[in-house]
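Read through the structures below before going on.
Heads up, the next two complexes both have chain A, just with different partners, chain B and then chain C.
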Partner chain A sequence: MKPKLWSWLVFLIGFAYFALPLIGTLEFSLRKRRGEYSLDAYAWVFEDPQFRETFGYSVVMALLTIVFGMLLVVPTAYWVRLKYPRLRPLFEFITLLPLVIPPIVIVFGYIRLYNTSSFLPMTGTTFGTNMLLMFGYVTLSLPYMYRAVDTGLRTIDVRTLTEAAQSLGAGWVTIIGRIILPNVLIAVMSGAFVTFAIVIGEFVLAALLNRPAFGPYMQLIGANRAYEPAALAVIAFAITWFCIGLMQLASRMTPQSRAKRS
Partner chain B sequence: MTVSPDTPAKQARRTGLPLGWLGLLPFALFALLFLILPTMNIVVGAFQTPDGSLTFQNIANLFQPSILSAYWISIRISFATALLGCVIGFGIAAAVTLGNLPAGLRGPVMTFSGVASNFAGVPLSFAFIATLGRLGLVTVLLREWFGINLYSLGFNLLSFWGLTLVYLFFQIPLMVLIVTPALDGLRREWREASDILGATGAQYWRMVALPILTPTLLGTFALLFANSFGAVATAYALTGSSLSIVPIVLFAQIRGDVLQDPHLGYALAFGMIVVTGIANGLYVWLRAKTERWTV
Partner chain C sequence: MSFLSLDQLRKSFGATQVVKNFNLDIEQGEFVSLLGPSGCGKTTVLRMIAGFESPSHGVIRIGDADVTARRPNQRNVGMVFQAYALFPNLTVAQNVAFGLKVKGVGKAQSAARVAEMLSLVGLGDFGKRYPFQLSGGQQQRVALARALAVQPQVLLLDEPLSALDAKIRVSLREEIREIQQRLGITTVFVTHDQEEALSMSDRIVVMHGGMAQQIGAPHEIYSSPANRFVAEFVGRLNVLDAEVTDAAQGHVSVGGIEIPTGRPLTPGTVPLALRPEAISLGPAPGHDISFTGTVTEVQFLGSVIRVGTHMGGAPVLLDTFNRTGRRPPQLGEKLEFSFNSKGVILLE
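What follows is the complex of A and B.
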């Protein structure tokens, strides 16, 4: 059948709406030098020590979030599947809550609950605040992480693998670390890339907990510079594109989607 | 299950079992400390006076003109972006799945939707300032090529419609991601059966396809609504504190910029939970109703 006219029309309008801001941003980011295109805005950004510090800070935060999230979610999702399958809906509900409760409300709760005069004064020290921010990011990433891992677990026979390992004398740490994790690693990766994309540009948590992350830095540059924000937007978009691309690659490699496509 | 005397197998299994709940403890503790308790703290705080006794005054204080108007503009923006996001996203998804576009387009559209739905926040606002701001590409080109001055026509990026236009950049792709599988779920046989029975295209959509899709569409609408209602970073980077939508007011309140009464902050946040909670509850409920159609 020939393509229908309306479908081309809709597609082209959509294309224009999504392409123009990207082209506009790219063009704007090259305009710093008067009268000609140049990479001056990018040079300024990359030479700014604050860029390097905040970007590095956010990258480390993202990696810690992924590692901690993995340590938290993989054993839990495995344990729920193995021992408490009836509790699965409850865990799905809890892990979806961060989509229901706006992040600004969650961090507001953190500030009230963990202030210097509370039972757990995490905001009292820099280390504590960093930990709190990381836990906040783990919370934000739960909906993606838990779902990715749970989907991965669905494709393997958890019970048989566990019993086989147990009969060979493996303990729980060995089972989770050497049997389960390698089997769901690709699923974990797909959750990890989304987490990375979320954490790297996150603004609200970092701003309200007063940590020097990339998101607040971008906001600061946006309020004070002309062309550099556009360069930052291009960089941020490239990172997002890279992460989501890797995520889709990872999820395409999971056995479950392979079976579906064949 | 009945309680029977211990068989050997049962005894063997039991060695690991009595402490089974310990495996769930780390996660339960984490969820309690960093999700449930902080939220409860806000909810309880909304009904407390500064010295800790029960009151409804904080909630009542929400009903002052400046805060009501913040909620109202937030709800309107969320409604507009959710509605337009649904309609346009549906159009794009329909064009890709049912419009016989080249098959090669579908993959890139889905990948791009995945990227764009995650491209919210501070950089998104920069992208629109660089495009439709006073010196943005589109603004300049329209002026130089066609003599159209957007800003003298009353357009402003830092306004209701400006913000709506920006939010659509992540709302539309989210709709495309959710609704494309639903459109794939419409079976060819249904269309053929209605054609054989003499239905027109419009009748097929009105009487067959849309009723099946309605729960998905309404559910996605609720999700998009909550998605835009809770968004802070995009609006803050775009407008600073000049546009009074609820998340911005709350952000300023937490930072200690405005408002004198800290417990009003709790009430503001509580109001946000109520609004997004209703929207998402609707989503979950409608989602459960659609499940039986997506075979």
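What follows is the complex of A and C.
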């Protein structure tokens, strides 16, 4: 009886910790009209063209970040496991650095290195700045992406599968594209969820590179309005979870996971 | 000229030399086994043929081409691994088609070839399954079909049966041999199981310490082992210490039993070996040596009964057929045994 009581208590505390702020925010967002609950704050947000623009921008950035992160991390983690297994701790350390170095340091470094008078003036054009922001996001997501992919690689016999494919005539691109990536896709997805959530809410990089992302927009609304920030938070929360749900669904469509459940 | 030739192969990992001066010539369509205890370098030799390891020294030729410097994906060598190594994300048919797709073979042609290969290994209806839905034996058949689909010049198998249970191991080895003979594909088979090597191979290479100890047909390896290692590793063996009584004539004595060896010896003691099946119960045609001994052990093995006794004080085992209607030897019985002195193997 006792352990059960304890686990319930812990569960309730955890639930209160995570859910109460959400419920509070939700409740507050509905009180724009005096004396009754209404969706006025939501209507205001949805009618604001800036909301659609910034949110769309961040979603596109998040998807690009995931794709580029995957292209960077999957071959790297694979290569390290296959050829330099002794360097794995080093790579784990490197990919952990973004957790230790604050984003503000990263972005100041970027601006110094890639400003208009540098050897690679990426901040000179909108496209260049967007790229820079995206690579910044890839860096921020590295700790999660690398770990997820590396864990995924552990579930398959990387070396033997590689050799089997090689003896059948396959080169590196075929091996990574047709054997390695499909087998770690589910692991990649779990890294992708976290990346998505990070990018949608990210403020520092976008604000200092002056890009119209969702993070700075939330900050702007938060500073200037009363009920709308709460509505915005609830909307962002819902949409993020919806997107993650979609990705989850997509990852279940892979033949392997379908087969595993049948 | 031989089809696959390994010329003075050597391989070192750091300071340890794992393969030492390995020479082997294999004819087209031949089935050759590399047999030896774990760690003797069999896999390393095989991996050098496949191109996964590059030799520290030596040349590998397939057909007329020197392939020593070629990468594994350019050698056209099929490989079957102990751990099956099927691609878990692909169906059985897609696994078998993998090499064909890499080669750019058209869809219709590839599908026909996959069907042909799957029926060759008796898995015609399993194309849509995933590897994890198959038993170990079935997975290894798929791996064989996948390796054969691209019509490799050489087929390499690294202990393909070791992970399977005994019954499947025997049936699959017969099947592999049959397919190999039907396709006439040059094959190198690695195993530590002498029964596997003896039953499947055209020739066997017995390996020890990174070197070939003897290369020969199964019966040669078995009946005329080149040295003590081969004699003891292949088959069961009674090893006896014999006193040289007449060095010039080559006569020895084991506890008072005189045995002619037919070749000059140096005085002292020599190790002799006798296969259990060389000794028979009672006299037999051609058996020139006989002795009496007390039965110390009786193992009933089905068609064969293994009997333990002493010969001139030394313990020996012998195998005798279990003939219908004959009473098996009893423990403690005093019986007469005989053997042919030509069946005696002198160990170096």
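Operating definition for what follows: the second predicted complex is superposed on the first by the 220 of 262 C-alpha atoms of A that agree within 3 Å, B and C clash if a C-alpha of one lies under 4 Å from a C-alpha of the other, contacts with A are read in each partner's own complex, and residues count from 1 in each chain.
Here is the rule we go by: a residue touches a chain if its C-beta (ideal position, glycine included) is under 8 Å from a C-beta of that chain, and two chains touch if they have at least 3 such contacts.
Quick caveat, the model's predicted, so the values are computed rather than measured.
Enquirer: Once the structures are superposed on A, label A:Thr160 by its partner contacts, choosing first (chain B), second (chain C), both or neither.
Expert: Only chain C; A:Thr160 stays clear of chain B.
Enquirer: With both complexes superposed on chain A, which partner does A:Pro182 reach: first (chain B), second (chain C), both or neither?
Expert: After superposing on A, A:Pro182 lies in contact with chain C but is clear of chain B.
Enquirer: In the superposed arrangement, does A:Gly169 touch chain B (first), chain C (second), both or neither?
Expert: Second partner only, chain C.
Enquirer: Which partner chains sit in contact with A:Val194 here, chain B, chain C, both or neither? Use first/second/both/neither.
Expert: first
Enquirer: Does the superposition put A:Arg34 against chain B (first), chain C (second), both, or neither?
Expert: It touches nothing on chain B or chain C.
Enquirer: When the two structures are overlaid on chain A, which partner does A:Arg86 contact: first (chain B), second (chain C), both, or neither?
Expert: neither
Enquirer: Which touches a greater number of chain A residues, chain B or chain C?
Expert: Result: the larger residue contact count on chain A belongs to B.
Enquirer: Shared contact residues on chain A for chain B and chain C?
Expert: Touching chain B and chain C on chain A: no residues.
Enquirer: Which residues, counting only chain A, touch chain C once they are in their complex?
Expert: Within the complex, chain A contacts chain C at residues 156-157, 160-161, 163-171, 174, 178-179, 182-183, 254-256, 259-260.
Enquirer: Give the list of chain C residues in touch with chain A in this complex.
Expert: Residues 50-52, 71-79, 81, 83, 85-91, 98-99, 102-103, 130, 132-133, 143, 146-147, 150.
Enquirer: Could you please specify the touching residues of chain B with respect to chain A in the complex?
Expert: Residues of chain B touching chain A: 17, 20, 23-24, 26-27, 30-31, 33-35, 37-42, 45, 88, 91-92, 94-96, 98-102, 105, 111-112, 114-116, 118-119, 121-132, 135-138, 168-169, 172, 226, 229-230, 232-233, 236-237, 240, 247, 250-251, 254-255, 265, 269, 272-273, 276-277, 280.
Enquirer: Of all residues in chain A, which touch chain B in the complex?
Expert: 1-4, 6-8, 10-11, 14, 17-18, 20-25, 27-29, 72-73, 75-76, 79-80, 83-84, 87, 91, 94, 97-113, 120, 135-136, 138-139, 142, 194, 197-198, 201-204, 207-208, 215, 218-219, 222-223, 229-230, 232-233, 236-237, 240-241, 243-245, 247-248
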